[in-house]
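After this come two complexes, each holding subunit A, first together with subunit B and then together with subunit C.
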Partner chain A sequence: MNHVTIAASEKAFEQLFKAVRDNFTVAKSDSANFGPFSASYAIQLHLAGGSIQLNNDGTIEIKTVDVVFDVLKVQICFDLPGFCIPSFCIIPDPWNGCLVGFPGFCIGGPVCLPLDLSGLVSEINDIKARLNPKYFVDPGRLPTWSDLDAEFAGKPNQWQIYIDPDWVSVDPIDIPASVGNMVENALRNAINNLFPGWLPGWAKDLIWAFLGPLLGVLKGVLGFLDSFEDFLQDLLGNQFDILGFIETAVADYLASKYPIYQFEDPYPILPQDGLLIPVKIPLRNLTATVNTNEMIVLADVG
Partner chain B sequence: MAFTDHCDLYAAVHEEGANRLIQHLMLQRPSMFNYATADVAANKELWCEQVKFTDDVPKYGNPIFTVLPPLPVIGVDSPPVGLSYCVQLQKFELDFHPNNIFGLPPELDPLKEQHFALHFLVCGALACPDDRVLEQIPVLPPETNKERPEKVPPVHVPGKLQCFCLRVFVVGHFERAFILSKETLLGKVDGVEIVDIKPGELENSIECYIRTAVTMTLRQKLAIPLATFFVSFPLFGMGTVILTPTTNPPIPNNPAIEEDQLKAFITMTVI
Partner chain C sequence: MHLTFDQHLFSQSGLDSGSLTLLGSIVHSFHEPGEYRGSVHKVGGGQAVFYISVDKNSSAAQVNIDLAALREYAGTGDQHCCDKRADNHFTVNPKGYVVFHVSRGSGGFDVHVRRAVEDQKERVFNSQQLEAGDIFSAVIIRPGLYSVVNQLERAKAELTVTYPEIDKVAYRPPAPERIQVSSKGFEPARVELKPGQGLVFDVKVSARIVIDLIKPDDGPTHDRKTPPRGWSKHALPEIKL
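Let's look at the complex of A and B:
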């Protein structure tokens, strides 16, 4: 029989998981050129919610964890196809020339559409994991140090128990249909910025009529067939592989960054008492597993 | 049956682990188990038993012995005379119910449910000075002694130590107690028995001394905070939960001593 047994109910385990979950945050930004257009993004996210199920085969299933994008900003840049409105005479001069004329102008060139989708929520639909105890030796610990030297130097060895995922599955980012209006407005603003300042309103109306529906313009330039939200979902999820990044970041975090349970080894059972050194016991053969009822940690006193 | 059927946190230490823990305690804090006057503590040859300790003990200047003043000789004050001595506690064995590591003397047998038994040796010796040493101690005039009694230094006489060992058996149980504002597991002594001491009144007096010493040591030095017993489980200190010892019912004994283990049960309330 093992010398030490510690068990935590599923309810207690959920509290441990919440602490791990709430400490997670990650940020990333990137940009890429996709031929007809280029795009960049910046994200920062944290996790919330979720449910835990412990299984008799030693696995932990974590479901429906919200991925909350505190920051999700995308910018898409492309060259608006150029076209020109030639000059023409509005009030001709009956003797010679033109009394009032329209000088003509050309628009087109680089346009960038900034989209701020911060606050969007995606979901980790499933994490399947097992507990994995690791023995951590502080890299700053000198080989000549005793365990007590290491403790006094703030670099004690540690047992660390991680939730080690077999897989993490993140749902595609659910881009709302309203993003279509957002991008239309962004494009309208961008094109408005291309107009010369002297351009009268009626001329602008004329140009807007010429351009037709703006999403149609975007379809032509960016080359998507269906909705803009599908295009954006594909851009973020597949082209930039944000989903893969989140899956990797969560898996890496759980497996090696934030243990669900850690303690010093040797473990101090009596504190320092004046000049008397603390009394510490080495814990060996540590195992950690779960069943449907609880998490069980076993160890021997070395 | 799950460990946490009626609680949220469960911790248990098996008696084998507890005995290894005592060995580590003796190696790392030898001064808790070895007591002597300064002259005996400083001279290995005078010890009843050699003492094992970790390299860290001398490295950090920790004592092997707790040094105590010489034992005063009664009726002697011109000058006062003190004798050297040595007391060493050894060979500890702890046995959680059921009793299956060592036999108990009839007075304590059988070990009751929810109780532990402890067995150890008390080895000691009083330094016995020979006549020649005693004759060399000057006798001070009474007048001088009355005028300045505090200035007469005690004479600490050397002598030969003849060690003896007593086998001590203790039975007890564990309770929860608040010590230094912390919920702790505290060992309580229910009975002490020393084998083969006559007359009975002498045995009773020594047993009383040992009972007092063990009781107070458990209270002052070896009360285990619950968080320590649970190896600093992360829920201790977490602001979102309240941890309280599980009550009876559903847990009849908390802490419990059963199946050769000391067990504790905690109920969690999420704030």
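Let's look at the complex of A and C:
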């Protein structure tokens, strides 16, 4: 029989989780070369919403938490194929196609397409976790201090209860179809900006004609078959492994960065009163679990 | 960031087989095996020398000589002077072809070739006077109406390059057109080309082919056909309360 039992209802647990969730934010940026093109990104995100279910087997299920990208900027750079005078045959060879050909040549150059997708939302579709209590000794506490010294210095030891995930699963970033238009406009602007001032109008029209539909140009350069949004989703989610980064960051945060509940050890029973020192009891063998109704924390005094 | 445009590609609308620029090239076959010495002259000065070995044992059916890339030297043309000879030495089969072309810059090159050792004064090839069997190929990208003249025979032809159309598929020029250059003149004497489409002149008589822009075609309007961008205010319907 434990000496101390602390319980928090499911609704109270939800409120505690909201505080944990709302404190989460993470940022990252990276770049990589993928052969025909290079890409870079910068993200910053926070969490919102979600639902919690407490189970009798001691597990906690957290579902449909929004991953809100406050910043999601992507830049894709590549060499524009540009404008090509294609080679052609001058003297045909009846046996082998072409005996003498006009040496064709191309002109082109590097372009970068900045895409600002800030505001997009993904979702943590499932977190399965258990409660994990940890004993925390403030690193600022001196070894010679008594518990009372630590109390007066504001650096008491603590019991901290973390949500310790067994797994975290994040859905792919839902890139809207409109990003296809966005990237076409970005490419159009990039090409227009690259045209030198002296380039005559007929030459611009000829170059646009040679380039054809810009989405086709992107397909050729970036090597995707279907839609640009699918390409971008794969680039961010799989190639840069942003989903894996978010899953790891969330798991690490819940398991060790922000406890869902914490209290001092020794636990204060009576506060300091005049000359009387505070009354505190030390807690040992602390455990934390859940059932369908509540979170239960058990401990011994000693 | 900048596109690597060669301005001359868009500023030089005419072509001259005797003064090669970016969009023209000449094909010549040296039928007799032996060593040949060529010199390249540029309008406004500058000279380069190159050597061609026409060798029965060579497997090269085509050798491209980029006149803009040949290393220039300011010497007297002494064939034995140059340690640069190796850079400008080409080999081709007697049944093969040499293509003189210009890959960059303003061009304006003419080419003269003679035997390297024997009969040094005998010109074997002169790009300013093409002969039967030579080929002049041209690419014209500037839309408009052109005159085509063989300055050595006073023959004339007319050439139209149509304005490019921005379509749902990327534009690719069709196969080149061919024109016979004979004592009867140009055949056909009227040709319509798409921009960037090749034009091949099969020379059967002494020729120097000059193509000049007579009337440029700047398109239906000067407005570019790229889709409009940006926000514009639209009048809202009036609401009666």
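Here is the rule we go by: the second predicted complex is superposed on the first by the 271 of 302 C-alpha atoms of A that agree within 3 Å, B and C clash if a C-alpha of one lies under 4 Å from a C-alpha of the other, contacts with A are read in each partner's own complex, and residues count from 1 in each chain.
Here is the rule we go by: a contact is a pair of C-beta atoms (placed from the backbone, for glycine too) under 8 Å apart; a residue touches a chain by one contact, two chains touch by 3 or more.
These numbers come from a predicted model, not from an experiment.
In the superposition on chain A, A:K18 makes contact with subunit B only, while subunit C stays out of contact range.
Of the two partner chains, subunit C is the only one that A:P200 touches; subunit B does not reach it. Within the superposed three-chain model, A:S146 lies in touch with subunit B and out of touch with subunit C [touch as defined at top].
Residue contacts after overlaying the shared chain place A:L270 against subunit B, while subunit C stays out of touching range. Looking at the shared chain after the overlay, A:V4 reaches subunit B, while subunit C stays out of its contact range.
Overlap of the subunit B and subunit C interfaces on subunit A comprises no residues. Touching subunit A in their complex are the following residues of subunit B: 2-5, 7-14, 16-18, 20-21, 24-25, 28-29, 31, 55-57, 59-62, 221-222, 224, 228, 230-235, 238, 240-241, 260-261, 268, 270.
Considering their complex, residues 1-9, 11-12, 15-16, 18-19, 146, 148, 260-263, 267-270, 275-277, 279-283, 291, 293-294, 296-297, 300-302 of subunit A touch subunit B.
Residues 80, 82, 85-86, 88-91, 99-103, 105, 107-112, 185, 188-189, 192-196, 198-206, 208-213, 216-217 of subunit A are the ones that touch subunit C when the two sit in their complex. Per the touch definition, subunit C reaches subunit A in the complex via residues 1-7, 9-11, 23, 25, 27, 61-62, 64, 97, 99, 101, 103, 135, 137, 139, 141-143, 163-173, 175-176, 195-196, 198, 200, 216-219, 222, 224-227, 229.
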